[in-house]
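Paired with subunit B in one complex and with subunit C in the other, subunit A is shared by the two complexes that follow.
Let's turn to the complex of A and B:
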């Protein structure tokens, strides 16, 4: 009787032990959840972190995400800012590794140029049509007087 | 009505159709590393458990091309890929492991259960190496040639059909 109770308890405990073992139990990186002491540098870091994309939770910035990888990325941003790197340098360090994907700040590149070119093109077409219409109207009214 | 007035409607239908088509397409889940065909960055990682060496960039230079396997004891697909890594090891491939955000006890326990295909395991507690090489998840496997250049990235677990593919690439970059 006692033996079977012990066996049942061991089994029961085992059920809980396995998932606990499977958890990520490491403490976060030093600067994952700790702000920089200098408020100016921290503001600079936050501004950058808001425009960097979390790689695990693809629709959040690393500033908004609780994913461990986002924490590790915040640590990189803060410690690099502290070491005197500029936000531009840090962004391009990440873009070199992950491509435009990691940045929420749109940049003109071989794949994104239509995003910038098409609105300009449309504005040009609109301007052209307007000019032609206004020109026509002016010459029409000119004809009456 | 002049046909020119149909242009906006046609454009609208075109974009609606495009959006509808994109919705039926599978979402891009992987972020490929831009570091493929680039030299492996300098790094030194402490041993992930007692009794095995850690990993540095120098471990990848000279001799044969090697595999760099990013894994973790808390990662379920890593259990699935363990037997396939074992097969690669049997084929004579040196696999250097990088354990991500892991504890030495958990690493040892995982290796006891699922086998140890690694010659060295470095411990990447804060995703330092992952970010350096453009890895976005666990597991990922990289082919590193004997000059220390990253030549190929496999995202996700190594499966039975990935093994011959990796062996071929390892042969190609020799």
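Let's turn to the complex of A and C:
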């Protein structure tokens, strides 16, 4: 009785699992869903994975995605961290391979400099506005009183 | 019939928007045309009724799954649960634009129907602008996104709704967000109306304030709800990712937050006139920009947008027209509006100006980070801008803002001496330093998380400081609103910092009977069973989670497979405690263990105080509600007092006359209102 229920359940489960398995013909890479033993290394890996884009998804990091490619990339990151590479090295390796698009952390380059120049400019504008609005007022009222 | 009625209602609304626009514009003239101004208000009210009717007709079509309508056939399915049939109405482009336009018309109708405090000319100009804006979006809907289009042959079955959207979140998040987005159109129209008729003054600010506050409350609530929805629905525990769609909702919120503070200064002190107008234009511009980003398809791919640019360029043209037009009027009028009353840097106005500038700077950073990748993509250079950019760049301006926000409410209007509040300043500085030191001793956390924790605690204390030395029962309701909202910001900030600093994660492949440990929790997987819903099948894990020695709580996370459209989703299971949330997700099958049992991927997080993010958001929204209630109450009281004073004066005059002439019909003016109390302050 119990045996047949179990058999039915596995059959049932198997049926439903079939489409998923068909989508990903290969099992996920070992470190796709397995953490590193060392919590310090794992924290390093997580921090890096949170800032790498899952290239097959829309606006998700590889740390937040079930896509097979994200799993493969997590495996890459974890095994490289385990092998002693630094997060910076891994990021540049991935950028070399997939382009700037893979990293959510833009670096100053010929294509991204406005991302850094404009905030600096903004700082200047903000300082100017505040000086004009608040600085001058003070001296004026100071003069009046 | 239903679809045709809906379409007719939309066309009629469009015609009424034209009438409203022309009639309002004629109201600005002093000649014979001015008499036509009387049509503007009724046109807006009837239009609101018709546009909302059109929306309800589409809602009905979705409720009965009318598969002869193209939109229903593409986006709905007869086997979908009823609630998702309804919410699916706005889970697509055309339907959500109809909701947008419906809310736009409704805000216009409410404005026209309720607002009697402004000079008639200003009101005419405002309604003309509101009609002009509405006209643009009606045209967009009717010309490029008709929701009521029929199919030549009715479909046999619908295409279904994206499973991620089949959640109660879709019932709450988009409608509230849209009310906030589009409610800002009223702020825009009022700002334009006041600018055109040169009526930028405290009276105008008092009229503007409840509309801004109302829209802002809905925006705050909508963003909070959206964040929680993404958190539990996407299955990875993220609550904010600086995704362009999220940014599209944050930008109007930042502008509206700056606007409502600026409006308060204008209302209380008659200062910051041009600022307020500028922010009114900016806030609605950000709403329209958000709509463009989300609705044009430009986010999926700039190139897809370039191939089929009809909708995108339509909204872009509207955006250019309204923002450009507003800026032209602003440029023409700015010279004639003086800046208003003066104040020093160390005054409450000074603090508010500082934070307005900081909010605008944060807005500029978010705008830059959101638009820049789209810009480069057009030139085939693909870059990603994410949390590592937004967090520090935003923090440059957010940290000074939080500091000033802590002390601003303690300062007096116009001019104050910092020495007066030196005790409070010293206490807050001590709190910040103590928390930073404490957290730094406890462990190695990111700089921003530590600063966030320290600032949140200081802010929470500072939010309550305005109550010091006051009789609690005599604090005005609007002041409670401010305290509540500022406290809410502190609570949310605490949740964000705590989540990013202290989250523990555990990923494991477990077979039934196995258990994992995370942050003092013991999580045992009891069994995994197949289950089925109306339009999905799933495997559901039975999880027993217990912290310490307590009784285990049973959780049932699911990994679902929807069949129309085919897509897997993760249904997370949560345990909420006062100090955080346990978040459990079951993933795919992961091979077999040594005994031949199937193993499943299990993801578990313990997120300390993560719920504070959304409690904080709710507190902020509730603060806004209190503020509206307080302002409206004071305003009604004052208006009653003024009206009663007037009646009383008339009575006195009549009595005086009556004494002289007759004396019998003296009190006729006041008899309807009963006894007349002294005009109250």
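Just so we're on the same page, the second predicted complex is superposed on the first by the 98 of 145 C-alpha atoms of A that agree within 3 Å, B and C clash if a C-alpha of one lies under 4 Å from a C-alpha of the other, contacts with A are read in each partner's own complex, and residues count from 1 in each chain.
Just so it is clear, a residue touches a chain if its C-beta (ideal position, glycine included) is under 8 Å from a C-beta of that chain, and two chains touch if they have at least 3 such contacts.
Predicted model only: the values in this text are computed from it and were never measured.
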First, second, both or neither for A:73, with subunit B first and subunit C second: first
Subunit B versus subunit C, judged by how many residues of subunit A each one touches: C
Touching partner for A:99 - first (subunit B), second (subunit C), both, neither: both
Touched partner set for A:117, first subunit B, second subunit C, both or neither: neither
Touched partner set for A:134, first subunit B, second subunit C, both or neither: second
Which superposed partner A:46 touches (first subunit B, second subunit C, both, neither): second
Partner chain(s) touched by A:126 [first = subunit B, second = subunit C, both, neither]: second
Touched partner set for A:29, first subunit B, second subunit C, both or neither: first
Subunit B versus subunit C as contact partner of A:56, first or second or both or neither: first
Footprint overlap on subunit A, where subunit B in one structure and subunit C in the other make contact: 99, 101-102
Of subunit C, residues touching subunit A in the complex: 234-236, 238, 241, 243-245, 299-300, 342-346, 350, 353-354, 357-358, 361, 364-365, 368-369, 372, 376, 381-389, 393, 396-397, 415, 505-509, 528-530, 537-539, 561, 566, 568, 570, 587-591, 598, 601, 603
In the complex, subunit A residues that touch subunit B: 21-26, 29-30, 32, 55-56, 68-69, 72-73, 75-76, 94-99, 101-102
In the complex with subunit A, residue positions of subunit B that touch it: 31-35, 72-74, 76, 101-103, 106, 109, 125-128, 130-134, 136-137
Residue numbers on subunit A that touch subunit C, as the complex places them: 9-10, 12-13, 16-17, 19-20, 27-28, 33-35, 46, 50-51, 53, 58-61, 63-66, 99-106, 111-112, 114-115, 118-119, 122-123, 126, 129-130, 133-135, 137-138, 140-141
